[in-house]
């Protein structure tokens, strides 16, 4: 996983037009978002375009990709492509929910700790450390095992609840350097309270940074979700790319030569997460002139 | 300095306390009764016998005591290094189960974490600002980091294990062997270790390489780099300096990523049927063996804490800024 | 109007607050209405810290700061009467928003009921006061404006409120020689209109240009203070002399400060705190070996 | 050599010639051609070697290291003497066992009748799994070194036979002083048994057993298990076992390997008992268990309609790829075919028939009043049942989905639900469920065990192992108890009672048989051949290392193996 | 004749077009001479400094030459320029505070830097120079973070001049310092020249008064062009260019009080260098501009060593 650099905050506004200019010319950004967009659209509209219930048994089990079944079928004759498009959807849902919740918590903790400093910072820091040190997957394993995960959304929720610490740290560091900026003092002298200052002065200055944090959290959530699905702690309802992987693995798809069952979901996860990471680096270059290739 | 470490220790202590408490709590407040399934497994038909066994085991595991008492006992036992008895692997003490498994997990995690970190950093530093490498080899890095651990692991197991037959797909050493200190055995160990290691290594490698690349670019654009080049210093020197500075955030990154890496190791172990904590945890969950679960979990927390502590020390040693007490935002 | 009584400020520093530095120690002085007081001292002597404490942005560690007899309480009411301008005009504006947002914020907080057009007129008037052409500066992003323009926007902003005291912290250090003088002239005009200014600087020439009284700070405490012409005309403290001699002057070459043989503080009978050399002219112990 | 079987292991060939002589072998490196690799029984580190802990002791503890008085021959359906030379009822309540002479414990001490009596008397301890034996056993007594006399207060012949081949005999001279805790919970390191193997080593993922060449059976029984070493591997999951099987690092997998049919058909050197569906022998019956204390499952008519609604064929084909066989309406395993009363089945049996199911529902008064496609209770309230199977049991999860789908076609609303195994156990015990799938009763010496499972009374607050349906039928239970007291060689007597029980079962349908789970056994012929098979002269025993199955033919299979190389 | 810059044009490539930061600069610098370079922010002072030692990626030489001690400097060839850097041309950057690698002790850094340039560190010489600027020797065994701003500034000075370069460019080395440190640093620079560590020096600042104290010659730049260049006293006492004059008039001096003498700034702001107006670039702000100012004024030598670019001068 890429770590976000704890670089000095940048001044995005003036550069906004320029940023757009570089954005459309940044190969990494465009390629990354392009791939994600294609998969997203497939996930969004695929289930509508291709009728059928993804888990329904078909008549031709274990058949390789063909005109009828684009990605072949599973041991049970389920259409892999149909599962794939539904799975994409859940993957995006997990990413958005997990990444979103983690981003919200991370932002809250990071902003408050960084802005208030002092004892508040210490306490929040401690909390962050605790969550950070406890192996996330282990906790998720336990939570999942005992509470059970029914839906993709609940899974996303739990992932979100455990994934925020590094984001909080990064945001805290950024806030730390922003809060000494004089416009923050000026806002205080204009009668703004803490919340307002964070929301109106500090956050907008980090918008690109926050967005990138979200991207990384999104990717992280997708990966964690796939791991959980894979070891059988995924949602019990619906389809997801991780569940497809798990099923393919459990029913020995590769050993039985059914690569078409195992490869697409993993490749799609890799593509989504990888493309996001690439886009993230692209974004970094767009917002930070120093990183641009000269 | 003393104060700094005192503070750190306090934080670690508290973290440990909270982690242990959470760890103790979770299983106890969850539905499902471990004794029930234990008795169920014993396949005893007779109602009386079942009751007798239940009572006996509840008493044995101390589950018939009030909660607070259980909690106190738990800490008391911990102090003696006693993690209780495994339910699933009854009557093996959890400590025994873990000590058997831990060498494997460590043998997997430590080299893959360290090597991927070292190699990834070197590699990323090397690729930074070198157009050709940057545009050809680094994308591979992105693909690697973005891979779900187990997907890569399964592909490796299938490709190199089943298809090509180069590597075994299960076990920590040949099932035909007994541990001994011969070269044959050591080679055999390595042979089994190779694929799980590789899958962990590759995924982590990509991440570090990318992180380092970005970091180095920042450093190459920094003032001290410009100064050096204005004085005509060769780019070798400049890169060396940049590397040293860029490595610092990567050290922090290591601390942040440790949890994820451990998780990756667990999944990989499961895929490769590699002995170690991974399969233990999975089975402990499946069998509701919460003493074992607590033990492994605690062990990981302890491991991560210690690793973090080491990283903290290393950080202070290599970054003079922390020593000068200026890096308030780090930590 | 503004009174500082034995104000001390300590900062905890180090990764975990292991050490503490006293940035300001036992500083007392007063600013009366319509007066410009300049606060002079080398870098790190605690000037900004005093300014920030007066503005309620940092709490004091001990001692008291009162404004019109009341202790400083950061809040809407206080800021209606006391405002500050900081050293760096570029970082005083949130780069994400247009520069005139500083006015909007004032309106939202203090004049929510004033109708739009009326407010716009008020802003324009205030801009003209600082000799800015409203058309030129409104609706622009900070980076599209020069440092001088930004600095004057900030002054205009402070003027929208009917303030009594302005804390101007090194407001000219970033500016060009020519812009700088414009800003100084503006402050001087405001003073004439009855505004008090605490003018913080390390450039003595700028300090003397405006101020009636000067406070020379050294390592957090007052070295010398008094009417400007006295402090510069007859510097009593060796530090003040050193500072004076270090200022590059156009038509003179550098000479070294005239060494002080005797500690004027003790000569003037100082026993504790500052000694009053002449009426209103105070000096601290020079800490010469003889003392 | 080596674990992979491929040519690329780093194992030097030096060890090979050494091993082929079979005399001295380096125990650090087992010769491939004398070692049997098995998996599918143990899923984690071997926890103990305690034969009293039949359910979780290391593989081979009972059967290879410790032995029982008898084995049970599933094909001939009779006990075969093992440690016992013979056993007979001397009167209605006295059973006398004659032991084989000359048997020694692995520590060299002679094996005597005292050891047998001691082993059974251990059951007097409350927490020992066979404690209830002492409810009807009055005393056990070693009358001389070779004779043991059992005196019963009630002679439960059926159960007694089960005891005879299930209880490990432990050496009195070692176990005598052990406390109850030690007997039940001791790990019993360094087990001393009479069996043909001893434990050589263990690790987190394996136990290694070494053959005892001085085993008594070699001469007395004329039997010898062929593998000099048995390595039982704890694989964490099925697909790993399949990978190892394909790599030829494994000889016998007792895992459920979905899709193995393809491999058997293809040229992978894998065999199963049958080379066509169902490929495996049957090991137990999977039942659909309705909670008969809840509405509408308390209505036999509803249960029968439900039974007719389940398309087991679809599960067998779709989920299992024909690796299992649909169960007969009685649910009795094929091995018990002779106890099935065909007349009862033909008159009262059921088959999958959606139309009939609908009809039954309609006749019993379950109608879809509100037009949502699902029938309601007679009082008009909605029927919405949940079917629980443990989360992670993928084949069952798929099956549950399938059941839900076919129930839907007849108008019964069933939602599959996958709680955690533990939670399921608890709900099952408390009766807090609508429907569940269960297969916990294995093949045994008598259908008695199945009927006990079906009808046992009284219903407790917690039903831990039997009668999860909480079905109360006094008459049925009386019949079961009667059956217990029929001598096991009285086939006709048994058939008569069983026929009545079958009638009750099919009329009332307390639990619904679904399919027969296989005696999963996939073997590789690369090193060992002559695996059990339906064909020709091949052995007909089961090729399993599962606990309690070595006595049911698993051990005999080992003696029939032949090295492929020779 | 140490440095000769003729008709130097250096542009920045930007999205919106070329920024003409240096637009035909011509001047000379003699051996032993200190040239003070003053001008408003953004007039191209740093650009000139950078052009002489290391152009960054966005800079482009459009025309002109730079000759140092008779050799033409390959200023736009980064590789060849390396031979001259440090040995012939050296730099004290504007960012001296952050110019030292934070994770190396200073001694080590200096050693490594010198070794990389093929020279061994002469510790005695280094310490002598440190003494000269008043740096204690233990500074060498500290990390940069442990030094104050002024110390860092002086350390960089010592390092930059270790190889006795012919030309030293000191870019705003004192602007971030307070007056007393500023004085010490400025004096140290003078000392370096006098000790012969550097032959000549370009001292970039926007503080006219400070320049006056150390420079022999002062060059005033306006919007990428030379406005006036003359010996320091001449500039201060008898400036000819209207811009210079206005600049001088806006300088407050110690003792000058608002109430006594009101100073005035220069109205208006410098033109954008993206698309600079034709003719005299100061025309818009110039109180005495006339018709002829629509033409670009040539640089004329009005008196010996007194160059002015103004029609009215």
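Here the chain labels run A, B, C, D and E in written order, and each chain numbers its own residues starting at 1.
Heads up, the rule we're going with is that a residue touches a chain if its C-beta (ideal position, glycine included) is under 8 Å from a C-beta of that chain, and two chains touch if they have at least 3 such contacts.
Owing to the predicted nature of the structure, the values given are computational and were not obtained by experimental measurement.
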If each hop has to land on a touching chain, what is the smallest number of hops from chain B to chain D? 1
Which chain's centre, taken as the mean of its Cα atoms, is farthest from the centre of chain C? D
Applying the document's contact definition, name the chain pair with more C-beta pairs in contact, B-E or A-B. A-B
Let me have the rounded angstrom distance from the C-alpha centre of chain A over to the C-alpha centre of chain B, please. 22
Centroid distance [mean C-alpha coordinates] between chain E and chain A, Å: 50
Geometric centre distance via CA averages, chain D-chain A, whole Å: 46
So which bits of chain D are touching at least two other chains? 237, 243, 246, 392, 420, 423
What parts of chain B, by residue number, touch at least two of the other chains? 31-32, 158, 162, 270, 282, 286, 326, 328, 331
Which positions of chain A touch chain C when the two form their complex? 11-14, 181-183, 185-192, 201, 204-205, 207
Chain A - residues contacting chain D, complex: 55, 57, 61-62, 75-77, 145-146, 148, 232, 236, 247, 249-252, 255-256
Residue numbers of chain B touching chain E in their complex, please. 222-224, 226-234, 236-237, 241, 244-245, 248, 318-321, 323-324, 326
Going by the contact rule set out above, which residues of chain D touch chain B in the complex? 1-4, 6-12, 27-32, 35, 37, 43-45, 47-48, 53-56, 126-129, 131-132, 135, 184-187, 200-201, 203-206, 208, 231, 233, 235-237, 240, 243-244, 246-247, 249, 392, 420-423, 425-426, 429, 440, 452, 456, 460, 462, 464-466
Within the complex, chain A is touched by chain D residues 237-239, 242-243, 246, 257-259, 262-263, 314, 318-319, 321, 391-392, 394, 397-398, 401-402, 417-420, 423
